[in-house]
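First chain A sits with chain B, and in the next complex the same chain sits with chain C.
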Partner chain A sequence: MRERDIQLDDQGRLRHFLTIEGLSREILTEILDYAENFTTVGHQPVKKVPLLRGRTIINLFFEVSTRTRTTFELAAKRLSADVLNINVSASSTAKGESLLDMLRNLEAMHCDMFVVRHASPGAAHFIARHVAPHVSVINGGDGSHAHPTQAMLDMFTIRRHKGDFTRLSVAIVGDIMHSRVARSQIHALNILGVPDVRVVGPETLIPVEAPQLGVHVYHDLAAGLDGVDVVIMLRLQRERMSRALLPSAHEYFQCYGLTPEKLACARPDAIVMHPGPINRGVEMDSAVADGPQSVILEQVTHGIAVRMAIMAMTLGRAGGEA
Partner chain B sequence: MADSTDVETLLDRMASDLQDHLRRAGIDDPLMVGIHTGGVWVAEALHRRLGLDTPLGTLSITFYRDDFTRIGLHPQVRPSHLPFALDDRHVVLVDDVLYTGRTVRAALNELFDYGRPASVKLAVLVTRPGRELPICADVSATGLELAPGEHVKLTGPEPLALVIQPA
Partner chain C sequence: MTTLAITGGRVVDPANGLDGPADVFIADGRIVAVGPAAPDGFRPERTLDAGGRVVAPGLVDLAARLREPGEEHKATIASECAAAAAGGITTLCMPPDTHPVVDTAAVVELIHQRAEAAGAARVVILGALTVGLEGTQLAEMAELKRAGCVGVSNARRPVHDTLVLRRALEYAASHDLTVFIQPEDPHLAQEGCVHEGVVATRLGLPGIPASAETVAVAQILMLLEQVPARVHFCRLSAARSVNLLARAQYDGMPVTADVAAHQLHLTEMDIGFFDNNCHLRPPLRTRRDLEGLRAGLVRGTVTAICSDHQPHDSDAKLAPFCETEPGISALETLLPLALRLAGDDEPLDLSAVIARLTCEPARVLGLAAGTLSPGAAADVCIFDPHAHWTVEPDRLVSRGRNTPFAGWELEGRVTHTLVGGRVVFQREDPP
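Entry: the complex of A and B
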């Protein structure tokens, strides 16, 4: 409970953005609505609004990332904030500095926000519990726990194409077990009122507690895709797999790879999403990834507007708080 | 105070004043841009009365306001939409009420992020004293003296009416 409360300030506004869990449908919808307004900034000749002029945002990345870090950086810059990228694996931890000491030092430089990516679940929460009152923390992915901004850009993409969440069937396919993206997506889809959320994958890659998350579990791809409006493919997180959970990438593709034939089981107007980076020929055939139903590159574009919305909301709370 | 028929009369006068103003300035093909939300209603009425061909532009100044650090992100309106290139064009910026001038300042900043217009004219339905910036309207339909703390607001879109909210 305590972890949920930490995201909101005393007036119920978003102060940190750490996990989708515990947030209301109103807050998620507010994020999507603001993001809608921020999409126009990318079309202006001057791709910038002055909202966060003079604010300093630090991208604190303990784990490699190109797309997420770049879109966070662009989002901050389009809001006119100053951005610092710190790649921690190559920095002070190598010299033995503790995380808290590092935080204190960065705070002493008067920054206003940390965007944190870390391989350990709970890292962003830990930092949020220790920052100064005026500082906001956004979780850019913590281990296999949560990746809430990715989930929100996926919700934004779904809403743009499908409108009403309350009549949709959504299938999430692949490595649910290790996917922080899937966990955050499932929470977001449930909160936004999607009646049919499915997870599809081999037993070894679906957590046993999946049914308690409010999803329907399928082990057969064709059955799982039957009649769905949205297909979300996940990347095989081999770097998080400590055991041999899969026979081989080739065999995985035979069973769970998305081909045009398999996609034909979904509704004809179904959209195909993937958080990237794609393993072509493992999760997905190139004919699907580059095909007419794919909205994968749109997801990337939407990621900037959604991250702008979350940054502006967390840093734009009236008067702040004590 | 002013009921819907009054606003329609004000809009007629405003359209004719604006037409005169543009003719004297030698502008025959202006772009019209309304500021959300009341300014868009006024701009739609003027756009119709002047029979302009180029579609109407709309500006949401939410992200350009100067009070973000003090009162935070505003409840949002619809996004800005400028369906034309501004460069070297004459722009008529339209709002419902001109008071402190801060909204117009924000709108000008946003406009210039879209391009470099040849000129910008300001047309408003109502002016009231209290400017905090060196901004004045080229065309205004009426002026109002209000007590401090009182507000005038255009309600709409159908019918348009001016409402004075007491302090």
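Entry: the complex of A and C
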């Protein structure tokens, strides 16, 4: 028995937002267009719109995160929703309460949406399959699987700078293997029609069968950046050194760190992105991170507008406010 | 003397090269004769009409976890023997990874007692290869054999130390015990939970490369060049393993292998978006692997199809994919899944499929089971090869409802199962 895409309701509207994979270009474009409406909310004296007044959103974070949780919280508050943050450390799940029990308890408090971050791939799908029919689930990152809101804010940033997706070359550099951000970006770029998506890194950090995702694989940074319009640098986790994936942070920076010299291989008007937080001197030189081509702080600002759009679209369906 | 005749059926008994209409005559729990007419003086007290159905030896399943002792919240010996009977399985072989582990004669005796009390199927046991399956100290294999174990195995637990592995093979060989090995290199497998391939890449799930299996197979084959042991490879999942094995068999090495029925029908693609019922060990691999396993089965490199039954309680599958326990509840789908390999468009005929479910696995275990030869125990499986049924997890006899085949329409269904001439299962609602 194959289930239909649980992200969509009977009328094909977004009910959950779990992964970019399987969504249409129309839905992604709708999110980007809708997000444009929210970019000015932060500039108003009263930074709120009443779209989700009376709704309750729970940020359920099983992994520590400051930036993502904060932008989700701000997005929800600017939509006038009530927000509850629950940080579940590994130790408290060790008390024996199952994920499902915890979910049922929270649901009994009549919430309308869960924003979930979890270390296990598929956690958001699992939760979405078990919530009550009126509850929406947004994936705030599940293991190495997906981080779809991050990918959408990245697409928003690219569109603002480059306009047409169908003429772009985009390079994603670093630990593709363990990156939920990269996976979601690759799906989004392909769906939006980017003809040349590249991943750059050593073979140890490139997942098997990567070309089947719709990317070209490069092991050499200069070749991978040659003529690209967008450079996306990924964060390198320190623990990658301990499992024979890399010799050292030093050698990684030598080969794959983005310096002004390496960036010169890209188009002169190329933009540089990073999902944050940056390891300066590991994946990126400060001169690039703080340089004129960097749009890293814009990404953070756009994150709020894009998350507002996604929350309003998923929760706004029934009432028709959206 | 209790006597029984099974009449009007198509008797398929590959061990004796039989496939055709015949009656089966049973007295005192043993086969008396198979043929067109009763032997002189045979008076059946009871007649079982098998018209339109196939009468085959009871199936011999090389791998079924019964969860007892130790995990009775998942299933019991009694519950799973009843499920085996419903699936036409009359002999099933338990790996030693119970709690406690089968590394003492006492555990063997306990399991035998419980199985005899249940009575619905014969249970044979693999003893532990190492104490506690910890891979360091040899288990008392001679003692386990005396208690009735039919072979030894470290189940899914690795033997990290190659020297211990070599010694274990040597020691098992000196007691004429077959060593059952589920090949997986623990370092290459790491914390993987799916095949390292396109689905792992898509879903961000940690992968187990095919080389985790082939490296382990190759390691054993190299050791066997020095050690005269008999090894049976369990649950092959990679096409490349079959090739390695074919080469070794050609060279005359005493190695055999089996495959789980679901590996012949599912691939990594069936995981979809994290279907927990497709979390298996070894993992589902590619279409090419599936074809390779089928080819191995046709050529005879792989001689047996087993269920690899692993019933779970529902909680064990209610978690994100990697955090769930692997394995499926498989006793009742073994026969119809295997039957899908027989047919006009398929490379095997019915008799060849039945052989891989009966006399071939019995040979691996060194048992005189899986045949309707006169004098053999009257373990019989009667099934309607054309009955269609839909797999509904809640209607399985097994306590385990964890099956990836829910909603599949299968063809072929057991109507009667006999163990030692006694009807241990009879379908109440013949389809």
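The working rule: the second predicted complex is superposed on the first by the 304 of 322 C-alpha atoms of A that agree within 3 Å, B and C clash if a C-alpha of one lies under 4 Å from a C-alpha of the other, contacts with A are read in each partner's own complex, and residues count from 1 in each chain.
To be clear about the criterion, a contact is a pair of C-beta atoms (placed from the backbone, for glycine too) under 8 Å apart; a residue touches a chain by one contact, two chains touch by 3 or more.
Quantities reported herein were computed from a predicted structural model and do not represent experimental measurements.
Visitor: Based on the superposed arrangement around chain A, label chain B with chain C as either clash or fit.
Guide: Aligned on chain A, chain B and chain C fit with no clash.
Visitor: A:S144 contacts which: chain B (first), chain C (second), both, neither?
Guide: After superposing on A, A:S144 lies in contact with chain C but is clear of chain B.
Visitor: Examine A:P133 and indicate which partner it touches, taking first as chain B and second as chain C; both and neither are also allowed.
Guide: The answer is neither, since A:P133 touches no partner chain.
Visitor: Is A:P268 touching the first partner chain B, the second partner chain C, both, or neither of them?
Guide: In the superposition, A:P268 contacts neither chain B nor chain C.
Visitor: Scan A:R183 for contacts with chain B and chain C and give back first, second, both or neither.
Guide: second
Visitor: Once chain A of both complexes is superposed, is A:P292 in touch with chain B (first), chain C (second), both, or neither?
Guide: neither
Visitor: Figure out whether A:T39 sits in contact with chain B (first) or chain C (second), or with both, or with neither.
Guide: After superposing on A, A:T39 lies in contact with chain B but is clear of chain C.
Visitor: State whether chain B or chain C is in contact with more residues of chain A in the superposed arrangement.
Guide: Tallying touched residues of chain A, the top partner is C.
Visitor: Tell me which partner A:E209 touches in the superposition: chain B (first), chain C (second), both or neither.
Guide: In the superposed model, A:E209 contacts chain C only, not chain B.
Visitor: After the superposition, what is the least C-alpha distance between chain B and chain C in whole angstrom?
Guide: After superposing on chain A, chain B and chain C come no closer than 29 Å at C-alpha.
Visitor: Can you list the chain C residues touching chain A in their complex?
Guide: Touching chain A from chain C are residues 196-198, 200-207, 209, 272-274, 315, 318-323, 406-407.
Visitor: Which residues of chain A touch chain C once you look at their complex with the stated criterion?
Guide: 1-3, 6, 19, 21, 98-100, 118, 120-123, 125-126, 130, 142-146, 178, 180, 183, 207-210, 212-213
Visitor: Report the residues of chain A in contact with chain B in the complex, numbered from low to high.
Guide: Contacts found on chain A: 33-34, 36-41, 44-46, 48-51, 312-313, 316-319.
Visitor: Over in the complex, which chain B residues touch chain A? Could you list them?
Guide: For chain B paired with chain A, touching residues are 60, 62-64, 68, 70-73, 76, 78-81, 109-110, 112-115.
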